[in-house]
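Dropping the structures in below, format is structure tokens.
Note that chain A is present in both complexes that follow, paired respectively with chain B and with chain C.
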Partner chain A sequence: MGKFIGKRLLQLVFVLFAVSFMTFALMYIAPGDPAERKLSAQGEAVNPEVLEAEREKMGLNQPFAVRYFSWLGGVCTGNLGTSYVDNRPVITKLGEGMAYTVPLAMSALAVALAISLPLGILSAVYSNSVLDIIVQIFSFIGNALPNFLIAVLLIFFFCIQNSFLPVIANNSFTGLILPTLSLAIPMCGRFIKQFRGEVIEQLEKDYITGLRVRGVKEKKIIFGNVLHNSSAAIITITGLAIGTLMGGSVVIESIFRWPGVGKLVMDSITARDYPVIQGFVLIMAVIYVLINLATDILYRVIDPRIDYEK
Partner chain B sequence: MRKITKGLMFGAVAAMSAMSLAACSGGGGEETTTAGGDTTAASQDTSKKEMKVAISFSNDSLDCHKESFGWYTQIEGMSETLFRVDDDSKVVPLLAESAENEGTLWTIKLNDKAAFSNGTKLTADMVARNLQRVGAESGKFKAYADFEIKAVDDTTLTIDTKDPYPTLKNELSSPEMGIMDLDATTDFVNAPIFTGPFVIDKFTPGGDVSVKKNENYWNGDVVLDKIDFLYMMDDSSKLMAMQNGEIDWYNSVSADAIAIYQKEPDKYTLTSIPGERSQFYFLNENNISINVRKAINSIVDKEAIAKFLEGSTSASDGPFNPSAAYGKVAAPAKVDLETAKKLMEDDGYTLNGNGIYEKDGKEVNLTVKYYEARELDKVATLMQEQLKAAGINTTLKAEEDTEGYVTTGDYDIALYCMITDKFGDPYYFINNTLADGGYYNAGGFKNEECQKLIDQLKSEEDVAKRADLANQIVQIAVDDAYMGYVGLFNKTTVAKPGITGISADNPYDFYGVYSNTSF
Partner chain C sequence: MKSFKRKTKAKKLNYKAVKVRLIIFSALVAALIVISLIAPLIEPNDPYATSSANMRQGPGGQFPFGTDSLGRCVFSRVLAGAFTSIFSSIFLVAVSFGAGTIIGMFCGYFGGIVDTIIMRITDALLAFPQMVLAIAVAGVLGGNLTNALIAIGITSWTLYARLARGQTYSIKNETFIAALKLSGVSNMRIMFRHILPNIFRPLIATACTQIGTTMIYISGLSFLGLGVIPPAAEWGSMINEARGYFQLTPWAVIGPSIAMLITILIFNFFGDAVRDMTEVRGNGR
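Now for the complex of A and B:
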């Protein structure tokens, strides 16, 4: 296992190098001049001399290789550069965003799992029953509605119609409720469908028939065998969801004024704040690789037959 | 099996109930709202001494001399300038009492009552050092680094601009020219000391800003105790927060929201005035003949465009606000399809079976470039429809690089939006778009008479004469059909009834709250 983890961490270095190069190259060839964006932020005309001086100051006149390796050198020492917009360290800005994105992502995931895991299992156990149809309709609606529409509907119901919650959610627990639900509901739609399919697949296997024939109680079969054997798929689905959620949700964060990384990156794209975008992509690559690694390790914990070293 | 069902159902229902209960009990938090949805504790529990304003931008710093941060500190009532631009685009004194000039030497007399929020009196030396710092920190005002700026006594300073500089007084009203106490702190990013009616209370870079009353305000009493500026980018969130009574006012109201607010005039006060951002287009003189250019200007129906945009813009004949002395276009382009037809035919075009003009067997097809912001995409589509109906085909091309296409002349028609009036003077826009070598004059416009007038405008000191010159210059470009003006972005503000003393009637975007802002 140790060798496996070491190998995967080594792979991470190559992945990060490739990701950093591709991101930098894409930013380099993308239309739009960060210096121009900065100077014309309010819609004012740009003075060409000032623009040239700003480009020079921002290092935009340097050749691609010089810029890339200078940035990469900084990354190797933990310095992701400074934002073009406010000259603050990228790592600080991303850290501030993550401090909001992580609680939102985790609460949305927890709610989604708490709702969809029981409903997915129930739907599978009682497949083609009225309960299954109801759950599947819920799943279909959750899947079909975009999260911004869910967000607006939730605000309308909880804030405008019933005044249970304020529209302006300060970054408190109450402020976390509606963004959490807006992210969790569409996720439930997907999860229920996937969990249901996985459980049905297990229930149709011969060993389940064997267990039933031998008189093993249904409760034990579901929780002891089916759930255990489905857990690898559930972990994979959950792992992928964590990766997506950690990237932040631009729409939800904007609607609920949640200052997470999604909104930060969207603002950075608009302002062509390349250091922030590059830093974000790099951090996300690390998160994805680490989540995948954790998922693989969990597989092994769940099923000791898996031997990664072979 | 029944036990499993019960257990699982319980789990799912418990999870959903927990979220619903949390949602329903959330009102007990700090942001209480009352039943009925039209009032909240936000502004009423504090005897109307606290205000909440939604803003569509966020500050990354409070250092008003850098980038455009001064816009925000001024909107938020913290920073003030020596002069300010009033609702009619006239420059009036604020921290300064007067500005006189002889040749290249300006003498500025400060208001002797002016003081910082920490009680320190504003001195000419402090102002001089501020202006020097602006020259060093702001690319836009780097000329100030070369000016000779000296304090003569406590309340008088002189600025030798070395060359005639008639717009100095106007520039001194730019929000980037806010005056800070440079000695009281070095943390200009988070806690600068200004002279305005409000001082910083809480600042989150890239987020909300709270200001509180400046107890030492030099220019009268400050009515409100506290104002929270809440960064809300999303239009629907602002609309719903306003409907729920959680914010007291905001501007840059979207067209959809305007329609909703208009239905309830008792609950919302809407103010809409033409602002200082103009939507206009350049017609490339290198690619399009004068007749076709004039025909285009006779076809584009700006009134119809403004109507379609439902209140977000006002149709305009020129680049400047018509309320300004330099915003008068004597003979604007008018919609006249008959004239357009004659112009096209005189140019050798004939309408073909498709209803499109052609010459030498080739249909006319012009490229319209624009960037996707400030409603330019909608304007481009509407222009395309209008031109096609009159026989001129166009191809729309949205540009990612918002400046490149305009400044390189790589277009037939370049649709663009910019601030045309930064501080109550027309020279900045005219010099950029119509002067020889102007950064945005890339469409082949060259007119000797116009250049002569621009040269005069550069040094003319008399405000009335400047306005007259500007009007003549704009008219020349209109007559030459080099530019077509579509509209001025409206500055639309929605407020709870009774709110006064906000910048709703001022066309400039960099004003917000004042000492007399109240409910």
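Now for the complex of A and C:
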């Protein structure tokens, strides 16, 4: 186990290094000169002298490798640069956004799990029943609906037709409902399909027949054995879904004007505020990598068999 | 809780049933492709012609899905958008499938330092949530369809590369490959004539399941204004354009939404059928 964690941590260092390099390179695929982009984002008149001074200030005259490592040094100490638009540190702006994005993402994940875990298990246990067919239809449609479409339709039914809920997300609880549902519904579609498959796979194993022969109650088999043995897979599925959730939150936050990092990055794209975009990608990738590492370790804790196989 | 007993063997795939499903959904996919190809011929109106006289008309008569706030025929625009949505997804999946498979096959076959480097690159690319990276790349490059395809394609090839590499790796030590090498067959020929046909099935099955997802990604970028630029018709950007007038012209949102839902469903079912088919065939032999 210790060896496994050590190996994964070593891998983590490499992956983070590569991620930082790619994120840094992202700035250089953008058309135009960074100094010019910065000045024009700040609405300053661009003339050659100002431009040259800005280039010097931003260190653009240094070689690529020097710039990368000085940027990386800054990143390691929490300095992601400053926004072109208002000159505030990127890390502060992202932190403010995170305070809104994390609650939204967490509630979406909680709602998705609360819906799909029981439904996934029930439709596996009663597979081919009416319930299973209804759940599966729901899951197929959820899988085929892009989250922005769900958001638009929810706004139509709850805000325009009935004005139950606010369209623009204010900070109240009611403002959280629609963005949460828009993120949770497509996730449910996928979760139900995967959880159902996982539970069915467990139910087909020989030990289940063994338990039944010995007269163990079905309830106990499902909640004791099957659920315990599927939990490792369920955790992995959930961990991977967080990546989709991050991308989805950009779309959903923009629609509902939810002041999280997703809306921040869309506003930054419009304003050509590259350091914020860069910081956003970096932070999201780092969080995603760490979550995946955590689920991997958790997987081994729950299901230590994999260790012996190697 | 009695009915527990009968369920367990439910998931056994029946060859005939899978075959029927595959035929039905292949036909539906073919129908969608044909519709999108002949769209210019069957559009009742010019999808780009604005008209102040026909603004915000309800569905019916000359305009089956009504008109949008600029008086354009929603039905014609949905048809015109079908080509963009369907073909850009199929194109992107085909390119990432081709590139990924070839790269993966080379890595698996030759191994060595190039293999290590490419696999570490895929590790790093997989560290980014796909849509987050796509939004950032499309946003930095500037929104148009080509950039949106590049932005999604940056990560999508890794799926096929890893799969192809693993598959190649597992069969390159089989005796028939050794025999081919001994008889002096070139590496290229071994790879493309002998390894590729053996690893093709799981790869093509994966590719087919990805079409629907890719369509969701492309329309998502278009919806954000990072993909297809209006006035060009694409479902995601049409929904984005029309949602501001949802109250006045709900049909301008509903039209492309339903088209999109049905198309993605068909492609998802098709992908599942292809995947099940390869599994049934794989077990049967």
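Here is the rule we go by: the second predicted complex is superposed on the first by the 249 of 310 C-alpha atoms of A that agree within 3 Å, B and C clash if a C-alpha of one lies under 4 Å from a C-alpha of the other, contacts with A are read in each partner's own complex, and residues count from 1 in each chain.
Just so we're on the same page, a residue touches a chain if its C-beta (ideal position, glycine included) is under 8 Å from a C-beta of that chain, and two chains touch if they have at least 3 such contacts.
Since this is a predicted model, take the numbers as computed values, not measurements.
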Touching partner for A:G6 - first (chain B), second (chain C), both, neither: neither
First (chain B), second (chain C), both or neither touched by A:S129: second
Partner chain(s) touched by A:R37 [first = chain B, second = chain C, both, neither]: first
First, second, both or neither for A:T244, with chain B first and chain C second: second
Partner chain in contact with A:F140 - chain B first, chain C second, else both or neither: second
First, second, both or neither for A:V281, with chain B first and chain C second: second
Touching partner for A:G95 - first (chain B), second (chain C), both, neither: neither
Contacts of A:V289 with chain B and chain C, given as first, second, both or neither: second
First (chain B), second (chain C), both or neither touched by A:I200: second
Shared chain A surface residues [contacts with chain B and with chain C]: 30-31, 125-126, 152, 155-156, 160, 218-219, 222, 254
Chain C - residues contacting chain A, complex: 1, 3-5, 7-11, 120-121, 123-125, 127-137, 139-142, 212, 216, 219-220, 223-224, 226, 236, 239-240, 243, 246-247, 250, 253, 257, 260-261, 264-265, 268-269
Touching residues (chain side chain A, partner chain C) in the complex: 11, 14-16, 18-19, 22, 26-27, 29-31, 124-129, 140-141, 143-149, 152-153, 155-156, 160, 200, 203-204, 208, 212, 218-219, 222, 242-244, 246-248, 250-251, 254, 265-266, 268-269, 274, 277-278, 280-281, 284-285, 288-289, 292
Of chain A, residues touching chain B in the complex: 30-33, 36-48, 50, 53-54, 83, 85-86, 88, 93, 96, 111, 114-119, 121-122, 125-126, 152, 154-156, 158-170, 172-174, 177-178, 180-181, 184, 218-219, 222-223, 254-257, 259, 263-264, 267
Residue ranges of chain B touching chain A (in the complex, touch as defined): 1, 3-5, 7-12, 14-16, 19, 22-27, 29-37, 40, 42, 52, 58, 60-61, 67-68, 71, 139-140, 142, 204-207, 230-234, 236-237, 240-241, 243-244, 246-247, 277, 374, 399-404, 407, 417-419, 422, 428-429, 432-433, 439-440, 509
